[in-house]
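Order as written gives the chain letters A, B, C, D, E and F; numbering starts at 1 within each chain.
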Amino acid sequence: MKMITAIVKPFRLDDVRSALQEIGVQGMTVGEVKGFGRQRGHTELYRGAEYQVDFVPKAKIEIAVADDLVEQTVEAIIASARTGKVGDGKIFITEINQVWRIRTGETGNSAL
Amino acid sequence: MNIRTNFLLLAVLLPGSARAAGELDSGDTAWMLTSTALVLFMTLPGLALFYSGLVRNRNVLSVMMQCFAIACAASVLWVLVGYTLVFGDGSSLGGLTGGFGKALLAGVAADSVSGTIPETVFVMFQMTFAIITPALIVGAFAERVRFAPMLVFSLAWLLLVYVPVAHWVWGGGWLAERGFMDFAGGAVVHINAGVAALVAALLVGNRSGFPTTQMPPHNLPWTVAGACMLWVGWFGFNAGSAVASDGAAGMAMLVTHLGAATGSLAWMTAEWVKYGKPSVLGIATGMVAGLGTITPASGFVGPGGAIVIGLTAGFVCFFATLTLKQKLHIDDSLDVFPVHGVGGMLGILLTAVFVSSSYGGMGLPEGVSIAQQLGVQALGMVATIAWCGGITFVLLKAINLVMPLRVTRDQETEGLDLVLHEERGYEI
Amino acid sequence: MNIRTNFLLLAVLLPGSARAAGELDSGDTAWMLTSTALVLFMTLPGLALFYSGLVRNRNVLSVMMQCFAIACAASVLWVLVGYTLVFGDGSSLGGLTGGFGKALLAGVAADSVSGTIPETVFVMFQMTFAIITPALIVGAFAERVRFAPMLVFSLAWLLLVYVPVAHWVWGGGWLAERGFMDFAGGAVVHINAGVAALVAALLVGNRSGFPTTQMPPHNLPWTVAGACMLWVGWFGFNAGSAVASDGAAGMAMLVTHLGAATGSLAWMTAEWVKYGKPSVLGIATGMVAGLGTITPASGFVGPGGAIVIGLTAGFVCFFATLTLKQKLHIDDSLDVFPVHGVGGMLGILLTAVFVSSSYGGMGLPEGVSIAQQLGVQALGMVATIAWCGGITFVLLKAINLVMPLRVTRDQETEGLDLVLHEERGYEI
Amino acid sequence: MNIRTNFLLLAVLLPGSARAAGELDSGDTAWMLTSTALVLFMTLPGLALFYSGLVRNRNVLSVMMQCFAIACAASVLWVLVGYTLVFGDGSSLGGLTGGFGKALLAGVAADSVSGTIPETVFVMFQMTFAIITPALIVGAFAERVRFAPMLVFSLAWLLLVYVPVAHWVWGGGWLAERGFMDFAGGAVVHINAGVAALVAALLVGNRSGFPTTQMPPHNLPWTVAGACMLWVGWFGFNAGSAVASDGAAGMAMLVTHLGAATGSLAWMTAEWVKYGKPSVLGIATGMVAGLGTITPASGFVGPGGAIVIGLTAGFVCFFATLTLKQKLHIDDSLDVFPVHGVGGMLGILLTAVFVSSSYGGMGLPEGVSIAQQLGVQALGMVATIAWCGGITFVLLKAINLVMPLRVTRDQETEGLDLVLHEERGYEI
Amino acid sequence: MKMITAIVKPFRLDDVRSALQEIGVQGMTVGEVKGFGRQRGHTELYRGAEYQVDFVPKAKIEIAVADDLVEQTVEAIIASARTGKVGDGKIFITEINQVWRIRTGETGNSAL
Amino acid sequence: MKMITAIVKPFRLDDVRSALQEIGVQGMTVGEVKGFGRQRGHTELYRGAEYQVDFVPKAKIEIAVADDLVEQTVEAIIASARTGKVGDGKIFITEINQVWRIRTGETGNSAL
């Protein structure tokens, strides 16, 4: 089983969710984060002091999937999150050793 | 010449004041009751919102607490001795203050009349000025001072700085006698608060991290809401200073409003030109600058004068703010000096010009030229700066010996809300 | 003796009321129009902010909705039958209420005059009291009641509790005849709301998780802003209860303000001593306690009395709050009883003392001693408590049979905003 | 018949106005000073809060900035030429506007009297209407227009639409002569703002993502607080339009309040029936609908009429909102047209009915039937719609040629606060 | 060493924390997230527009533990977080290669 | 490739970011979290009820780096985040199987 972690532009979140639903992904967990990278932040003005804010808002999506669905899922994310402009984000794949569904105590792929 | 002490005089000069002084007028009373509510509204919630939105998340409550506690404690002090030392008959302490006859409001009964309004209302109206002036100062040392010394300072300052200056200007003291013009508190309120703020910022020292770390406001809509309340409340501040519901009050409201509007537009323009974009904090700050500056002039000038004063205020206070914070690196955190102090000085001086009937004002006293009046205004300004600066300095030094003004660096990092008040602003 | 029914009498006694009753005075009218706006401002937005900041995130809108809907529905009910049953000529229901003659405001035209103001203004001013009293109660059962039964309860309570008590005290009923002193609503508003709150808290039951789970306020700056608005609006509440723009109003404003200021300082001191730190929620709560307590006394006492009353209020309500919540574990969630109920009782009793001219008050009626007046005050207090407690109990029991008062536990967990109103407070 | 120009006439008809016009009355003045403060309070902070809470997080400041800047710029424009073109003696531009005699407030001195109040106060009171009307419009194109063209549009619109219509109705223009009844601005303010909003929404185009993407309000408590301030401020708007502190003002306040309360209850009921749950945004929107609708009628109808008008307003505006947004997919983002436009039209027409003494109103002029008055009202309504619609269309088209109205799609995504003002609302 | 990541209902957070403290877990890190899964969201009403919100608020708890404590920890979480209704959440186990305590520079199990 | 997850004191975030930039780290993702550990929380006062809040605010920094940069990165974080007082936080290292840059579809180290 794999955990797919995608950092995407927040306003693309709904598109990504739809795309994932279409390929049959049943669940995901999303957090608000601030990203730092090639994408420039913005300047802010405060009573005559102009300063640079380097962090830009991003959404972090975590999706646990069975091994054979990884490729398809990654493709769906890339297709739906991409704007072609700098700051579109990253996808990371990590290994999950085990998973439980708290409600039923099920483990393994059926817990997803 | 001063509206508060001289309303008898003005009653003759101004429209609608056909009422005899000493006889209560229900309309004047209604307006002064309302004005009192409006000026309290300026501090609570107005200023409390304006200031607390500008600090960081973790200090939002500490600023509100300062405004609130000052309002409460200053009210009691005003009733005990403040009122009598400003407006009491006769004088004490060698003319520095008024007499002690009305200490504890002795003799102020429900049927006491002051001009055409109940004396209780006059006491209350003036009290709201004694509340807001020390509350303005806290912007200078926001996010780093301890609560107890702050409160001690505010009360002592009220007694030793505000009270004497108010007596000189409004209580029939030496500046009033010289014809110093300060309709609603350019010197008494704004220069006083501004100068005290500057001294306090220097003595307390910069916030840790200033100026390298950015400290953006944590809630700008909140600040803008507070600014709007200040604007509305200021109608009570300035038009209420006519102590009557008449043409003088009406004109004061009109010029006050124009000062606010043009101060805003000027600051907005300055930012637009300099940075390419106007900001909402900018326009709101320009409004405060315009209002602070029109305050001393508000009973004396006409609409044209008000527009010039407001525009000047916006530009001058804009550059004063830049200079102090960005150039001199003085952490008067919420810009009390460049906005209120500089605005108050500007207003005090410009009053001498625009009171002149040649410039659409109510007119200078018989035989007084603009230059002469300017001299009087400058004198009053310098006297206020000197007195306020000196006493504030000594006071803060003295208090700091007994009870340190600043929290520790760790406490500053953790935030005053938790450290001083065991509370957090938001759980959203 | 009661200002509302007896302004003719007082017009003779008090300064500045040289106007004949029955003849409209534009100044009095101006102040009463303003006071009406100020008292509405206390509920919307004042109380709505004060209360909604104290609950958890997920219930913020439900509290605002309760205040808002009560304001709307109570207004209509007031116009239909409330006004006439309090102030209508004659009496009905065996003297429990006023006559039915002004039902649907029959006979209240634009040119009807009540005292020296238009009767429409008197209707409106009194309406704002009928709005805020049931709105105060909702603090007791915040975060767990359903909307429909809450609204039914509020309206029935208004009719069956508020209206009769207001008639007894202000409408010329039996308490007024006995000389019961309640200037602006210590019994009618605060004891009534407080007692109803206590009964409701007991019947509705604690919030699930209380008292083990912590339920900190979700937005304290919001609450403090609401508290400030209550303070300012209270000037209309108390000084407006003079129903004139005169010395009585002026003195009422002064003592009201001092009650607020000293109530705040007392609560702050109590916390400082007991916990080592003063909190902003504490100082604001002390303010409400001071205001609730000075309310019945505000037309009768002088500044000295006000300071004693305010200080007492701050300390007593502080300990009442601790006892109810921490000791007795009664979840009167926003502390309506210990602040308004206890404060109201305290104020009703202390009025008897500080009205005395020996203690700087306006003076007791000829031939009445403090002890005698205290007896009358205690009688009125007990009558209010008994009537309100009994009717509130029966009412809630009855409503609960037909429409359950509480949401389910799951709904309580999810939050009333989503469950009852399909809305969320913030998307920040 | 129109209260503003004809107060001399009404002074004879209505209670409490025994004062001769031309002689200043301190009570009337007090109420008008207060009303001015109240109406400014409606825009700043009222409307600014109401609107800015409804948009998304990233545009909160842009909306506040629009309200603020419009208030400032409109004030200056009003003093320069607005006032004279509405109320100046004589007429110019073929009767479209008033004369130029009072440009730059020429001749408006501290002792100028208008009716029974200082002319300065009349200027200020009217100015607050000229501020709020263009500010209302910004709700239509929130979250997507650039600041500079918005400001240019607002000022041009004020001059070319508001000023003429206000002159026709309140300045003694052709509609006033025909007996058009619009007490406090059903046509001048609400139809005008609503129609301009609709045209602007159509020309500027929908927000990107509308209607598929959900755009829920980012801070509903904030919006509700703003709504409450609108309610309180509206007392100044409507009861202040009596330009006196008398029975007419009192009745106006009463019917205004009832319009708000019943509008709220109607919208709440509609939601409850249709969706099974009432929402706080719904009840607050119903309140605005009720207030907008009662506005033209507020000096003419009695409490019964007000209740009918309010209830109708709540239901009608509810369905208008559904239709426009959900059916026609027109992104008048904050529903200015269905609430203010539709409400204003409804009010203008219903005034003809409920002014009749048969329906409890102040009575139609001698010899005028309801049908005849309805004709006049319809005429004024159509004229306002046509003029406003046409000019607004041309104006927006023209401005868009020179300076594009909309930000780019990317900027819209990033949010106007950062893109246009280099600020962020919250750092919480 | 393992990282245990639990997605739970927010109002169960305090119970989970207590349960973990009882079995001797010394530290954890908690974030607010929005979850998407079998549990339905809610409808919202906005001036006559009713719409579906699919995300539900969840708490994400991360606990680094020594390998031999994983089972016990997972059991404690399941016991304390379970309501038996849909949406109770998931537990994921992943491998940690190394850990440092910043204050002391310690590594390995003693850094936890 | 490794994911470095650092839990640090929030007011050290800017220092850590600078330190990482200096050693050439090009990107990172930051979230706000609440930590529970040896560092005591604080008490809060609410109308006479004093209670203990155990969670303290922390910043969670996630940095994906090539294997050979891990050590250097960890050192930079420790140096910049450390105050020497309890609660300075932890650093966890986990394995990343694969990474994509959404904008370009690049994978591997060049996607960072």
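In this section, a contact is a pair of C-beta atoms (placed from the backbone, for glycine too) under 8 Å apart; a residue touches a chain by one contact, two chains touch by 3 or more.
Owing to the predicted nature of the structure, the values given are computational and were not obtained by experimental measurement.
A.B. asks: Suppose you hop from chain A to any chain it touches, then on again the same way; how many hops at least until you reach chain C?
C.D. replies: The fewest touching-chain steps linking chain A to chain C number 2.
A.B. asks: Applying the document's contact definition, name the chain pair with more C-beta pairs in contact, D-E or B-D.
C.D. replies: If we tally the C-beta pairs in contact for D-E and B-D, the bigger total goes to B-D.
A.B. asks: Please tell me whether the contact surfaces of chain A and chain F are same or different in residue numbering, using the over-half criterion.
C.D. replies: Shared-number fraction below one half, so different.
A.B. asks: How many angstrom between the C-alpha centroids of chain E and chain C?
C.D. replies: Chain centres of chain C and chain E, defined by C-alpha means, are spaced 46 Å apart.
A.B. asks: As a quick test, compute the distance in whole Å between the mean CA positions of chain B and chain C.
C.D. replies: A distance of 33 Å separates the two centres.
A.B. asks: How many Å are there between the centre of chain A and the centre of chain B, using C-alpha atoms for each centre?
C.D. replies: 52
A.B. asks: Please list all residues of chain C that touch 2 or more other chains.
C.D. replies: Chain C, residues with two or more chain partners: 25-28, 30-31, 34, 216-217, 219, 245, 275, 277, 279, 281, 421-424, 426, 428.
A.B. asks: Send over the residues of chain F in touch with two or more other chains.
C.D. replies: Residues 31, 44-46, 50, 94-95.
A.B. asks: Would you please name all pairs of chains that touch?
C.D. replies: Result for touching pairs of chains: A-B, A-D, A-E, A-F, B-C, B-D, B-F, C-D, C-E, C-F, D-E, E-F.
A.B. asks: For chain D, which residues are in contact with chain C within the complex?
C.D. replies: Against chain C, the touching part of chain D is residues 14-16, 19, 25-28, 30-31, 34, 38, 56-57, 216-221, 224-225, 228-229, 231-232, 235-236, 239, 244-251, 253-254, 257-258, 260-262, 264-265, 268, 275, 277-281, 283-284, 287, 302-304, 307, 362, 426, 428.
A.B. asks: Considering only the defined contacts, which chain B positions touch chain A in the complex?
C.D. replies: 211, 214, 216-217, 271, 274-275, 277, 279, 281-282, 285, 318, 321-322, 325-326, 335
A.B. asks: In the complex formed with chain C, which residues of chain B make contact?
C.D. replies: Its residues touching chain C are 24-31, 33-34, 36-37, 40-41, 44-45, 48-49, 52, 60-61, 64-65, 68-69, 71-73, 75-76, 79, 104-105, 108-113, 117-121, 123-124, 127, 147, 219, 222, 245, 420-428.
A.B. asks: Using the touch rule from the top, collect the residues of chain F that touch chain A in their complex.
C.D. replies: 3, 17, 26-31, 64, 94-103, 105, 111-112
A.B. asks: Name, in rising order, each residue of chain F that touches chain C in their complex.
C.D. replies: Within the complex, chain F contacts chain C at residues 44-51, 53.
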